[in-house]
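You will see chain A twice below: alongside chain B first, and alongside chain C after that.
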Partner chain A sequence: MFGRSKKTGNYAYTVAKVKAKKASLLGDDAYAKMLMMSLPEISRFIGESGYQKEMAELAGRTEGIDLIEHATYRNMAEVFSSILQSTQGELRDMVSAYLTKWDIWNLKVILRGKTYGVDIESMKEDLVPAGRLDASALDKLLSLENDKEIIAEFERIKHVEIPPEVVNAYKAAGHLRNIEDYLDKLYYKRLLISIVPSSRPKRLFQEFIRREIDTINLETILILKMEGIRGEEVMEFFIDGGKQIDKKLATQLANAESISAAANDLAQLDFYEDIKEALDAETKSLKDLVAGMKKYHIRQAKKFSHLYPLSVIPILDFMIHKNIEVDNIRIIARGIESGIDREMIKGLLVI
Partner chain B sequence: MAGYEIGDGLIAVGAGLAVGLAGIGAGLGEKDVGAAAVGAITEDMSLFGKCIVLIVLPETIVIFGLVIAFMLLFVGIS
Partner chain C sequence: MPTKEITPTRSALLEVKKKIKLSKSGYKIMKMKRDGLIIEFFEVLEKAKKMRGSVLSDYDTAMQKIAVARAVEGAIAVKSAAYALKAGPQVKLGSKSIMGMMVPKVECEIIHTPMTQRGYGVISTSAYIEEAAQSFEKLLDTLVRAAEVEITMKKLLDEIEKTKRRVNALEFKVIPELEEAEAFVEFRLQEMERENTIRLKHLKKKGEAAE
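Take a look at the complex of A and B:
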């Protein structure tokens, strides 16, 4: 009774910590202000908010958009790592398992960079060392010459094995699609296996992840459908383990003539209301659909974190919000640098 | 002991239990509130005052226990 936090986790401490962190995230009005600013003004603005330390550290080495992109990702990695450091017991296991997705992200960035001949410094801007691979492990991966060595080193560090047929398919096709899909599927498969639903917090975590898989699967199916891809080709991207969208429903959706024809199947889903507008034949747009799915995911995390305040969900909720904040800052900075219309940039933000 | 009846002893045990159990309950409550308060203060020092108030709230349970103990000992059971 008295030493339970060491085994089950220090929920009260970590949740209060992330709630305080969440309160300091940028609000809607901050994005509206940033849309009116120039790039140096955005740098100064975020340098005065939560990104002060990283902006000051990197200001001597980079500038402009590179500085903003590098500082935001570094800040996110440090925040996530600090959360992981403050957790204990099974809570730590859950947060750590969730953060593995950044290892997959980093491997994808490095493989893409090496494939397209990007220099190491540019690749570093997009790395988020928030997973189990720390800065030194990432430096080692970056220093390797070719993709074969990178994959072998990643397999060694992470104890994973990318099947030869996936590597061969990648080599034959000349693009990373096969490996990236395999890694995404592997991440969720391992994550779901690692959650033994023996206690209430673990059951909640499992349910949340299964809902996340649903949103990813539906997003993939609908995006491919909008591009005119159907059937088996769509199902290649399907991730097992979703809560509402099983293989049967996914196949039905994938085989439907059009999105409108799949409306009846989609109407059974919890999140149909959130994406209904984006699916409307008149206003059908990929951008709205993706934003709709992201908003649903945020709302879901928010609802779960209110329902179960002393669980892992408020921590995941914060991580999702932090990730979205960083994405929003980068979208604004990139958009303004490229001279894109501000209304269009606003439309790309998830607020 | 001369002058004391078994009922008096049971009242004293009751008073002890009232304070002791209330103390354990308050301790368990304060454990989580205190941990949460420290977590919040590490992120935002301005929350210190509010957190202190929240930390002492479970302490009221001990006061209830203490009141019951005093009533048992000094007012007695009528």
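Take a look at the complex of A and C:
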């Protein structure tokens, strides 16, 4: 999916560029203000807060809440692409490896849409070219006839090879689950490989990704547990490389009778305090648990954002915050549009 | 049966009497059926009320969950996950009899699809989307069961109405008309008998006079 460059990166230039962009991100007070607004007011506010170009471009095609969602995604895609374009050497490898998640996201949108029979224009609207694959590469994927050709083209342009057993499992099942899970695992595997922990900032970056793997693994285990799936079947979806949740602990969690029974095994984790309340509550919803893990993850990113100014850390920090900004705008706008209680919307925000 | 159409004969009287007996027993059975159906209807009505409550609450929950999923994960992600879904719900349609009336019996064969069989990747699918999917499965299950109860209730209402009309027709039209016909035939037969007696007496008198 990505190779490793021997050149050092242009950290100073990219960090300076990212710092300028970070200054224009919305602050916590802006979200508080938006919570008090109506949907048209939010549209106007967003239009005046750095999303003007995208709002104007898409206004002819979409409207209301969809306009906000598409415009914020497009803005994020453009910002990420411009950062990626300005990076060089090993920095480019790391940023590119990190942004590959958007390539996989887009591939999933295309494959799912194609197998369902969605028209190309509608699928195009839903793509977020925030990864290495630009609009023209995505157009090429969109123009392909069937899922086989799309997978083959993706393998070619991203230098990945989906093992025959995964392809066969996909063919046998008739759905994309095996391929999607394989690509998600491969993403983290290659992302960890792309980060050479030769310096403190790179080690921090790697640690951050490993913690992200922990949260994903835990969320997967708990979702499947709620479904009544336990043991070996759960371990099929385990991503290697987590910091605190290794295979042994994951197996223990996967074998636990219930979520509450797994709580004891979770007590040793760093983010236990963030999810403790949600685990104690005998509600059958994972919403609070996931929100707790997300908040923990962001806190980790914030923790090292000011350290090592000339490293990959400020760039990663900006990308995470930009993504959160887009998510928060959408949460507020969609929440208000759907009539969700404002306190609940506040709880869903990642601040 | 209009009295004009009856030939006042003894066999017609027997026929009418037979019809009256049959109508009365039919009336009794129909009345019992109507009462039975009404009792059954009230039981189904209670069930329907509960089901409507469940449908409303499940609908609210599902809408709330999908709204949260669309907010947190984005409408694109939710839509995309929906496109990936390959397994569809399956219901089995049958029928059962309530007091001789056939009502549909709907059984959910496959409503819930395990997450691993839904079609989208397990790792990247958030708990919000999964919870929304589960809520909609629950809503669908409730809707299928509610459909059975609602159709049964409507069919029962139609059947009660039909039976009520039949009971009324028997009570206020068929039986009174038959009784009227019976009375008419009996009256005519008695009159004919009297006429015969008089005629015989007359003939007897004539015969005696001739002797």
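In this section, the second predicted complex is superposed on the first by the 276 of 351 C-alpha atoms of A that agree within 3 Å, B and C clash if a C-alpha of one lies under 4 Å from a C-alpha of the other, contacts with A are read in each partner's own complex, and residues count from 1 in each chain.
FYI, a contact is a pair of C-beta atoms (placed from the backbone, for glycine too) under 8 Å apart; a residue touches a chain by one contact, two chains touch by 3 or more.
Computed from a predicted structure; not experimentally measured.
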Which of chain B and chain C A:I223 touches, first, second, both or neither: second
Which superposed partner A:G113 touches (first chain B, second chain C, both, neither): second
Touched chain A residues, chain B compared with chain C: C
Touching partner for A:A16 - first (chain B), second (chain C), both, neither: first
Contacts of A:R190 with chain B and chain C, given as first, second, both or neither: neither
Which of chain B and chain C A:L289 touches, first, second, both or neither: second
Which superposed partner A:S24 touches (first chain B, second chain C, both, neither): first
Interface residues of chain A shared between complexes with chain B and chain C: none
Residue ranges of chain B touching chain A (in the complex, touch as defined): 28, 31-33, 35-40, 42-44, 47
Interfacial residue positions of chain A with respect to chain C in the complex: 65-66, 69, 73, 104, 108-109, 112-113, 115-116, 118, 126, 128, 173-177, 179-181, 183-185, 216, 219-220, 222-224, 226-227, 229, 233, 237, 239, 285-287, 289-290, 327, 330-331, 334-335, 338-340, 344-345, 348
In the complex with chain B, residue positions of chain A that touch it: 1-2, 5, 10, 12-17, 19-21, 23-24, 86, 310
In the complex, chain C residues that touch chain A: 63-64, 67-68, 70-72, 74-76, 79-81, 83-84, 86, 114-128, 130-131
